[in-house]
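These are the structures, in structure tokens.
Next come two complexes, and both contain chain A; in the first it sits with chain B, in the second with chain C.
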Partner chain A sequence: MNTVWIILAPLIGGLLYGVERIVRARMQGRKGPPLLQPFYDMFKLLDKRPLLVNPAHVLLGIMHFITLWIAVGLIITGTNLLFVIFVHLLASIFLVASGFSVRSVYSHIGANRELLTMVAYEPLLILIAAGFYLKNGYFSIELIHEGEPLLGSLWMLFGALLLVIPIKLKKSPFDAAEAHQEIVGGVEVEYSGVYFEFLYMAKWLEYIFVYLLVILFAGNSVMMAIVLVSSVFLLVNLVDNATARVRIPHLIAITLGIGLTLSILNLIGVGYGL
Partner chain B sequence: MDFSRYRKRSPWILHYNAGSCNGCDIEILAALSPRYDLERFGVLNSGNPKQSDIFLVTGPVTYRSRERLVELYNQMPEPKVVIALGSCTCTGGVFRGMYNVEDGIDRYIPVDVYIPGCAASPELIIDGVVQALDILEKKTKERENAKRLYSEPTTENGITDRSNSAQKIGTGGFSPEEMKPNSPERRENEED
Partner chain C sequence: MSLIALLLTLPLAGAAIILLVRAVRVRDLLAFLTVVILVALSIAQYTGGMTVRFALPHSLHTIFMAADILLLLFFLWRGMHEESRPVALLALLQLLLYLYVSGTDPQAHPFDIEVGYISRIMLLVINIVGGIIILYALEYIESEEMERMKKNGFIALLFFFLSVMNLIVTTDNLEIFFLAFELTTLLSYLLIRYRGDELARANAIRALWMNQIGGVAILAAMIISVKSYHTLSFDALLTFGSSWGVAAIAVLIIAAFVKGASLPFEKWLLGAMVAPTPVSAILHSATMVKIAPYIILKLAPAFTPFLSHTVTLFGSFVFMTASVMALGRDYFKEILGLSTVALLGLMMAMAAIDATESVQIVLVLIVFHAISKALLFLQAGILEKSFHFKYLSDFEYLYERSPMSVWMIVIGFASLTLPPFGAFWGKFFSLELLISMISQSPLYILVLVFITLGSVFLTLLYFKVLTRVLSHSTGKTEKVAIPALFRYSSYALFGLLTVGILLMSGWNGVGVFELLLPALLIFVIPLLLRWQLRSSERVGEYRCGEKDEAEIGAYYFALPEAQVRRAHYAAAALIALVLLGGML
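Right after this comes the complex of A and B.
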């Protein structure tokens, strides 16, 4: 069963991305593209003439996609949460390396910003894992899914996760790493045709990764998981539509300032058994 | 498998302003806005030449923008179509014959669809994009080159090198004397 879910993960992510484009359009009073639009984009990209910048660049992009898929697969199979977060970090590092492997200035700026956003969100992800450990005494995702819902005692860490989600999904106000039109997509600027598909699919996998983290807070309650994911989905898109992009120093200040405060307060509270 | 029918369903647009007055650019933004909502056809204003299918150019091509124009065109992977949007882009419009502009983009790159109008209305833009999609569907993956290049793209071990192709176009093949507005050489070149 797990294998099926792991294989289907990118496809589900694509559907989620299609739903999101419609939801975002409806919020703006538009009709929006068809649900399967992301897949049409994929088929079209297959039909383009491939332009190769250098082999390492493409290879690192593919490795980014595969490592991210492994990270998602590890969550689905229910291994160690901390391990998953570090595998995800490795995937991000491949992306940064691919950004630096070409000579494009935009790619370098994008890779730099990607690194800076990692500085902002990585401590929070690790503290979230630490929160689960302090509460339960284990990192195992499988056991977290069997336990009680932890949103009540870890709600501040959930708030920190809410700050991480727009960064990971490249949403306003925290989309400075990609910054469409401003730095032309950052690290993905030099990818084209078939090679861009891997980055495009990796974007879908990020959706799955992030929402699987959200589900962790719901424990064994399926109802709560559905409510959490759908409300976070709507909230993130509402904020995306309603806010402007912040600059990268502000992004780090806001995420670390608010996020670290929330998570450390939560950890202290859990440590004293509150 | 034949994926060419999906080209119509997800055209990504690269918009380049080659010295336009911004009138046409505002109309493009209007076409993307909720009232006309081009995104319902899968159109995306990508801003990245390497991931785009439609090259939407506005403006009469000032001397400073020529190299960028050719460079952007070269960086787009085939199949691709070019739309000249607005009177200036088609023929030079009110700027025709002036010393600081080229008269339209078709001196430098092959154009598939001409959209007249100053500024072209969003309805015309949508019409033009739909026309371009029909052309895009029929195009092959054959390499298409700009009309004037600094150096031809080279292919080595199956890898095509297109760098430097637009650098130092400079006077666009004209010598400084020929660049003067009414020089016989320039007029002759305009005729072909």
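Right after this comes the complex of A and C.
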């Protein structure tokens, strides 16, 4: 069963992206594209002439996609949460390295920003894992899914995760790493055709990755998982529509300032039974 | 016993012969043989697996004492000659303290040499990584403009260094420990000023006086020990546990901080960069600075909770601050140097936690940090010699000229942060251990935050360097040949890193799967690069219509001077707290 989910993960991510485009359009009073638009885009990309700058660049992009898929697969199979976070870090590093591997201004700025956003979210992800360990005494995702919902005792860490999600999904106000109007998509700019497809699918996998982190807080309650995912989904898109992009230094200051405070308070609370 | 005796004397013999040989090829062959035997001996000692204890003959003690006094007189002379007041005063102070100690009569001391598990691992690191660096140095020093005698002297000093390091990690006698500690100070002084120019001399003097503070600390510990317990045995000191014992331990911790170039003292290690690159390589990886976590590891069982907490807090603070400080640097070796300071902080922080897991974590960090840093410094030397690159801003078209150096730098940095490399697992289990300790003291939350932030800053630092090395366009290649010894020594270290991944399996329940998966992901890239994707058309980068080629720089984040000063004060305050903890 797990294998099926793992294989389907990019497709589900694609559907989620399709739903999101519709939801976002409705929020703006538009009709929006058809649900399967992301897949139509994919087929169109396949038709394009394959162009590349250098093989290492393409290869690192493909490795980003594969590693991200593996990170998602590891969450689904229920391994060690902290390990998954580091495999995800490896995936992000591949993306950054690919951005640096071409002599392109936009790609470099994008990769730099990507790296700087890591400063903002990586500590928070590790502290979230710390919270689960402190509560349960293990990092095992499988056991977290079998246990009681932990949203009640880890709600501040959940708040920290809410700060991370827009960064990972490139949503306003934290989408400076991609910033289409400004740096032409950043890391993505030098990819085209079939090679861009990998980066495009990797974005769908990021959706799956963050929402799998969200449902960790629901423990064994399916009901709660559904409620959490859909409300976070709506909230993130609402915020995306309602806010303007902030600069990278502000992004780091806001996420680390609020996120670290929340995490530390939560860890003290859990560690000392307050 | 004979293995240890050989490990101590063989490098000395090698050094002596190399000084006499004139032909380069004979010298290289002799050095190679010595290194091979040293590696074999350290492996044999490790697999032997027994704790070895024995006393040295009495005549040797007299020689040691004479050596100590000569050494301190030499420091005094250097201080007067170079007109450095701190060097002269500290040498004088040490001389007085030493004469006082040698006047007292400790009861018979049973073992001078004691080789346990920790020492065996240290011997492996010193001889294998140190040996590879010496082989690299054979090629490196030939391209310097010096007399033959001075070149051979350089190699001889490096061998001497290995011998002294072998002594420092095997002795249980504080008096011998002091001698070996001072000898490393002397050797680092001589090696740093090897090029003899103004800057080299100034930096060498700074290294000398800073390290002498460590010497004073050890002498203070010796006086306390001999006055209160009539012994100079390390082990015995650890078992007393009364207030004087704690005081002696607190003073020894200071010696570790100095050797580890921790925050207020980091300048001596950064200054060491002016020396020929093999010196930095050997100081940062196999020798010298590794004394710091070694001392803490040895002392940790006798720490009071207060000392343990303060040292852990100090270490994690240094880890974070040094990582941030490195972000503003442009000199490649300086970046590597500050990351050493940071990682030593992490090692000391973990070593101070008295838990069974922590010993293993620190040893893994010591071993893999040594290999990775040696690999990186070797590349720094290659860049300097083959391309005349020293600063990040110089690095241009490196990938086109030497893809091998680029991938070695990438692997070197990746091995310090990413799975499946040993250093990653060291950090991984450090985090796990700290999280599980949170319920014992809220202080560990702060330590945890420092360490997570520090790790992220270090990742940022390493991959910032990649900005400068990875970028390349299609088509242009103008390969530059790298000398054979440079290549083989890099391959050897790379091989050690790879073998190290396998050794991780089973540690703390790390599965083969968790190792192989990331390993596959990382190592598949160089292999797949052979696949040139010929069917796709090559294009230039998107320039938004501009005709000129873009110049690409790396970002910098310079910590304001006032902040650095504040960080130094904070570190000094924590050190004062350690001393205070020893007094109470």
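Keep this in mind: the second predicted complex is superposed on the first by the 274 of 274 C-alpha atoms of A that agree within 3 Å, B and C clash if a C-alpha of one lies under 4 Å from a C-alpha of the other, contacts with A are read in each partner's own complex, and residues count from 1 in each chain.
The rule is short, and it goes like this: a residue touches a chain if its C-beta (ideal position, glycine included) is under 8 Å from a C-beta of that chain, and two chains touch if they have at least 3 such contacts.
The structure displayed is predicted, hence computed values, not measured ones.
Trainee: Name the chain, either chain B or chain C, that contacts more residues of chain A.
Mentor: C
Trainee: So, A:L143: does it touch chain B (first), chain C (second), both, or neither?
Mentor: neither
Trainee: Determine, under the contact definition given at the top, whether A:Y40 touches first (chain B), second (chain C), both, or neither.
Mentor: Once the two structures are laid over each other on A, A:Y40 reaches chain B alone.
Trainee: Contacts for A:Q28 in the overlay, against chain B (first) and chain C (second): which applies, first, second, both or neither?
Mentor: Once the two structures are laid over each other on A, A:Q28 reaches chain B alone.
Trainee: Between chain B and chain C, whom does A:V246 touch in the aligned arrangement: first, second, both, or neither?
Mentor: In the superposition, A:V246 touches no partner, neither chain B nor chain C.
Trainee: With the two structures laid over each other on chain A, which partner does A:L260 touch: chain B (first), chain C (second), both, or neither?
Mentor: A:L260: touches chain C, not chain B.
Trainee: Thinking of the overlay built on chain A, is A:Y191 touched by chain B (first), by chain C (second), by both, or by neither?
Mentor: First partner only, chain B.
Trainee: Given the touch rule stated above, what does A:R49 touch, chain B (first), chain C (second), both, or neither?
Mentor: The answer is both, since A:R49 touches chain B and chain C.
Trainee: What residues on chain A does chain C touch that chain B touches too?
Mentor: Looking at chain A, the two contact sets intersect at 49-52, 184, 189-190.
Trainee: What residues on chain A touch chain C, complex-wise?
Mentor: Per the stated touch rule, the residues are 49-56, 58-60, 63, 66-67, 70, 79-80, 82-83, 86-87, 89-90, 93, 96-97, 100-108, 111-112, 115-116, 118-119, 122-123, 126-127, 130, 133-134, 137, 139, 184, 189-190, 195, 260, 263-264, 267-268, 271-272.
Trainee: So in the complex, which bits of chain B are touching chain A?
Mentor: 3-4, 6-7, 9-10, 12, 34, 37, 39-42, 45-48, 50-51, 53, 75, 77-79, 141, 143, 159-160, 162
Trainee: So in the complex, which bits of chain C are touching chain A?
Mentor: Chain C residues touching chain A: 410, 414, 418-419, 424, 428, 431-432, 435-436, 438-439, 442, 445, 448-449, 452-453, 455-457, 459-460, 463-464, 466-467, 470-474, 514, 517-518, 521-522, 524-525, 528-529, 531-533, 535-544, 549-550, 552, 555.
Trainee: For the complex, which residues does chain A have touching chain B?
Mentor: Result: residues 21, 25, 28-34, 37, 40-41, 43-52, 180-181, 184-185, 188-193, 196 of chain A touch chain B.
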